[in-house]
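Look for chain A in each of the two complexes below; its partner is chain B in the first and chain C in the second.
Moving on to the complex of A and B:
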C-alpha cells in the first residue's frame, strides 16, 4: 500500500480509536465492553462476507460463534487444563469452521430463504443439543471456571491485558477478512451476489464458492466465540439462541453491511454501545431502541453507511470499486 | 469515500464519548448492583424481586454504616451473556461491590462467574438449580432461593403419606426439570411410592393434550409436575380443561403465585411447594399489604411471591452482614454472613446461612390451591417444613466454599 493510501484507510482510524480505548474517560473503565465490541466486530465482519458479499442469508450464524465458544471451553477444561488459552482459541476457531463445513456442504446450493431456514434450523439443533446434553455442556447451568491464565506465556488475567489480546486478534482478523474480500476470490463472491446465474455460466462453481466463504466465515466467527468464552469466564447454551444470530444480522444491516465493507463495524459499535448506554439510564430502553432501529431502516434502508456510499454509486458499482 | 468513513468513525467515537462524559461519576454511597429481568418473559418476576429488595432497604432507612445505599438496576434480559455484560458494567463503571438478582439459574451462574473474577459478592436470588450450591458454588456467591433438593424433599413426605402412592411425572426436559424429578424419585424410593410413568416435555410446549391423556390413563394417584414459565401457565389451564383433577391429585414441585393467579378460581386445584405465601401468618400478611400499598403497579395482588421474599431476604442478609462486619470490605462481609442467623424473617423457622455451601436455609411450604376461594387468598398452607431438615447434607454434597476454610 502506498503511504498516501494508508492515511486514507478507514482501518487506520478504527485501529487508532480502539488502541486507545482503555484510556477514554468513563467508557474506558468499561474495558470488557471494549473487548466485547472487538469480538463482535470480528463476528459481524465474518458474517458480512456471507451476507454483504455473497448474499448468503446465514441467519443462524450464532451457531458458528457458539460452536467456537464451546469448542474452546471444552478444550480448555478437558484437554489443556492449567495451560494457556492459545490452543483453545485456535481449536475454537476450527470448531466454528468444522460446523460451517459440515452444514455448508449440505446446503451450498440452496437459494435464499431455503438457505436461511437451514442455517436457522442448524442453530436450533445446536441449541437443543447444548441445552440438553448436561454431561458435556453443563445444560442449563453451562460451563464455568474458564479462568484465562496466559496466552503464549503472557499473563492476561487482567481485563486490560485481555482487551489488548482481543485487539491483536481483531487487527489480524480484520486485515485478513479485508484481504479475502478484495481478492479475486472476493470479487467472484460479489459476482455471485450480483448475478448467480451469470456467474455459473461464466464457469464458476457457485456452490463451491458459497461453501468456501461459509467455512471461512465460520472460522472467524468461531475465533470470536472462543475469545468470548474467556472474556465471560463461562459458556452457556443460550449463545445458540436465535437472538444471538438475530443480533449479528441487525448490527450488520444497521451499519450498512450491504453498502460498505465497514458497515458491520459501524453497526456493531452503535448496536452494542447504544444498547448499554440507554439501558443504563432508562428502564423501558427497549422501546427507544426499537424505535431507533425502525427509524434507521426507514431513513436509510441500506444502513448508516448506505447514506454515504450510495451517493458514490453509479449503476450499482461504487466509485471506490471503479477506481481500484 | 474512504476518508469519509474514517471521519465518520471519529465522529461516532466523539459522540459516544460526549454522551459518556455526561454520565454521573462514582462516589461515596455503598452501591448494590441489581441484575434482574426488566423486560421480556420474566419481567414480572424481576419486578417482584426488586420490590422485595427495596422493601428491605427501606427497613434499614436506606443507610448502612451511616452511608447511603444506592441500588443500581441493570436489565438481565434473562440471557446469561447479556446479564454477564451488565454485571461487568455495574462493577467496572458503577463501582458496585455487591451484586444481587437473577431469575434463572443460567443467569445466576453467568453473573457468579463475573463476580468471582472481580472478587465481588453476589446473591443469587431466584434460581433453584442444585448446581448453584454444588458444582457452581463459590466463595463469592450466596444462594438464597432453596435448591430443588430442598423443595422436593420438603413436600414429598406429606404427599406420599396423605395424598397418594402412585406417582406419574411430567418434567420440563432440561437440567432443572430433570433435577426435580430425580429428587422426587429418590424420595419416592424411601417412602414406598411406585412410579407409573414419566413424560419429558421440551421447552416451549404449549399443547399438552397427548401428555395429559397418557397421564389420565396411567392409573396414577398423583401427577408430579416440574415445569416453569409460560409453558407451565398453559399446562395449569389444560389440567383443568382435561379434568385431570377428577382423576388424580396434582403436585407441583415448585410454583409461583404470579403464575397461578391469572387462572379462574375453579381451575386452581393443585398442591404445590412454594418458598413463601403471603397469607402464611400475620407478619407476611402485613408485609404483603404494605407492598401492595407502596407499589400500585404490581403484577399480582398481595405481591409477596417467592421472588419478592428471596429479594427481600438477600438484601436483609447483605445489609445485616455489612452492619455486623462494620466495614464494606467484601471478604469481611462474607466472613460475617457465613453462619449468620436471621430470626425476624416473618416465618415460623429462622433463616440460616450455611458456611460450607453458601446455601441460605429458611422454610418450605406445601400449599393446596382452593378452587372456592375468592380474591388473592387462593391457597391454603397445609404444611410448613424447616428447610434445614431437607437440605442436602455434607455427605450428599461434599464441597466447601467457605472463605475461612
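Moving on to the complex of A and C:
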C-alpha cells in the first residue's frame, strides 16, 4: 500500500481509537467492556464474510462462537493449565472451524431459508449437547476457574494487558478478514452472492466455496469465543442460546454489514453499548431489545452505513439476487 | 411392555399436537417465504388469552375467543411488520419476527409475571381412561381428537376448495398466482392469520397439559422447525408424518437415552435432510 492510501484507510483510525481505549478518562473504567467489544468486532466481521459477502444467512454463528469458548476452556482445564492460554485459544479457533466444517459440508448446497433453518437446528443441537453432557461441559453450572495465566510468556492476568491481547488478536484478524474479502476468493464469493447460477455456469464450484467461507468464518468466530472465555473466566451453556446468534445478526444488520465492509464494526459498537446501557437501567430491557430488532429492519434494512454509502458500490444483498 | 405402550400413545398424541403447531408455521413459510419466529409467541398468546377468558365464559367460548383474538393479532402483525420483508433475504424476516416475539414475551412477563400458571382440563374431559395396562387421561384423547379435526379440515380445504387451490399454487409459484389476477397480498395476510389461529388453538389445547408461562412458545417453536424440515414443506401428510416422528422420538427414546432425548429429533432431521433435501414428503416449492 502507498502511504497515501494508508492514511485514508478506515482501519487505521479504528485501530488508533482502540489502541488508546484504556487510557480514555471514564472509558478506562470499562476495560472489560472494551475487550468484549473487540471480540465482538472479530465475531461480526467473520459473520459478515458469510452474510454480506456470500449471502449465507447463517443463524447459528453463536454456536460456532460457543464451540470456540468450550474448546478453549476444556483445553485449558485438561491439557495446559500451566502452559498459558496461547494453545487454548488456537484450539478454540480450530474447534469453531471443526463445527463449521461439519455442518457446512452437510448444508453447503442449501439455499436461503433452508440454510438458515439448518444453522438454527445446528445451534440447538450444540445447546442441547452442552446442557446435557455435564461430565464434560459442566452442564448447568458451566466451567469455572479459567484463570488467565500467561500468553507466550507475557503476564496477562490484569484487565489492561488482556485488553491489549484482545486488541492484538483483533488487529490480526481484522486485517486477515479484509485480505480474504478483497482477494480473488472474496470476489468469487461476491459473484456467488450476486448470481449463484451464473457463478456455477462460469465453472465455480459454488457449494465448495460456500463450505470454505463457512469454515473460515467458523475459525474466526471460534477464536473470538476462545478469547471470550478467558475474559469472563468461565464458560456457561447459555452461550449457545440462540439470542447469541441473534446478537451477531442484528449488530451486523444495524451497522450495514450488507452495504459496507466496516458495517459490522459500527453496528457492534452501537449495539453492544446500547445493550449494556439499557440492561443496566431497565429491568424489562428485553422489550426494548426486541423492538430494536423490529425498528432496524423497518427503518433502515440496509443498516446505518447503508444510508450513507453509494448504492452502486454495495457489497450487499440486493433484491435481484433473490430471483435465482 | 405397558410402559412402552403408554409412551407410544403419548408420543402419538404429542406428535399430533406438534403437527398442528407446525401447520401454521409451514403454511406461512410456504406461501410467504418467511421464517416466522413469532409462531411460538402466538402460541403463548393463545394460552394466555384462554387463561384470561375462561373464567368469564367457560371452555368452548374461551377457546374460540382466544383463537379469534390471536387471528386478529396475526392480521395486524402481518400488515404492519411481516409485509415489509417479503422478497428480502430470509434473515430479515427471521429477525423482525424474532424481535416482535421477544418484545411480546417480555410484555406477557410484565403483565402476568414469571410464575407458571396451571389450568385444569375442562370438566367433560377430566379423569383417566384405563384400557388393560394402558392409561390415558381423557383430556389427552380430546387434544388428539381436536388435532385430527384441525389437520383433516386443513387437508380437505387445501385439496377441495378454490381457496386451497390458490394456496397450493402460491406455495409452488407465488408470482404466477399474482400474475393470474389473484390478490397475493390478501392471500398472504389470510394465510398468516390462519397460521396464527392454528398456533393459538394449539396453545389453548396445550395449556391444560403443561403450564402457562411467558416463554412457553419457545419450547414449541423448534419442534415446528423440525417437523417442517423432516416432513417437507407444502404437504399436510408430510407435516403429520414429521410431527409423529418428532413426537414418538422424544417419547420413546426417553426409555433408551433419557439424557440426550431432546437432541435426537435434530439428529433424525439431519439424516433426513441429507438424503431427502425436501423432507420426506415435500414437494417442489417457492423456496427452491
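Worth pointing out:
Throughout what follows, the second predicted complex is superposed on the first by the 287 of 324 C-alpha atoms of A that agree within 3 Å, B and C clash if a C-alpha of one lies under 4 Å from a C-alpha of the other, contacts with A are read in each partner's own complex, and residues count from 1 in each chain.
Assume a residue touches a chain if its C-beta (ideal position, glycine included) is under 8 Å from a C-beta of that chain, and two chains touch if they have at least 3 such contacts.
Treat the numbers as computed from the prediction; the structure is a model and nothing was measured.
In the superposition on chain A, contact is made by A:51 with chain C only, not with chain B. By the touch criterion defined above, A:249 reaches chain C but does not reach chain B. Applying the stated contact rule after C-alpha superposition, one finds that A:173 touches neither chain B nor chain C. In the superposed three-chain model, the partner touching more residues of chain A is B, compared with the other of chain B and chain C. Of the two partner chains, chain B is the only one that A:27 touches; chain C does not reach it. Of the two partner chains, chain C is the only one touched by A:114; chain B is not. When the two structures are aligned on the shared chain, A:297 is found in touch with chain C, with no touch to chain B.
In the superposed model, A:132 lies in contact with both chain B and chain C. With both structures placed on the common chain, the touch criterion links A:233 to chain B but leaves chain C unconnected. In the superposed pair of complexes, A:286 makes contact with chain B and with chain C alike. According to the touch criterion, the shared surface of chain A, contacted by chain B in one complex and chain C in the other, consists of residues 132, 284, 286, 319. Only residues 1-10, 12-13, 16-17, 19-21, 23, 25, 38-39, 73-75, 79-81, 84-86, 88-89, 92-93, 104-106, 109-110, 112-114, 116-117, 129, 131-132, 135-136, 173-176, 178, 203 of chain B touch chain A when the two sit together in their complex. Here chain A touches chain B in the complex through residues 8-10, 12-14, 17, 24-27, 29-33, 36, 131-132, 134, 138-142, 144-147, 159, 232-234, 236-239, 241, 243-244, 260, 262, 265-266, 269-270, 273, 276-277, 279-280, 283-286, 305, 308-309, 312, 318-320, going by the rule given at the top. By the touch criterion given at the top, residues 29, 33, 35, 81, 84-85, 87-92, 94-96, 98-107, 109-110, 222, 225-226, 228-229, 259-260, 262-263, 266-267, 269-270, 273-274, 277, 287-288 of chain C touch chain A in their complex. On chain A, the positions that touch chain C within their shared complex are 51, 55, 57, 59, 106, 109-114, 116-118, 120-121, 124-125, 128-129, 132-133, 246, 249-250, 253, 258, 284, 286-287, 289-294, 296-298, 301, 317, 319, 322.
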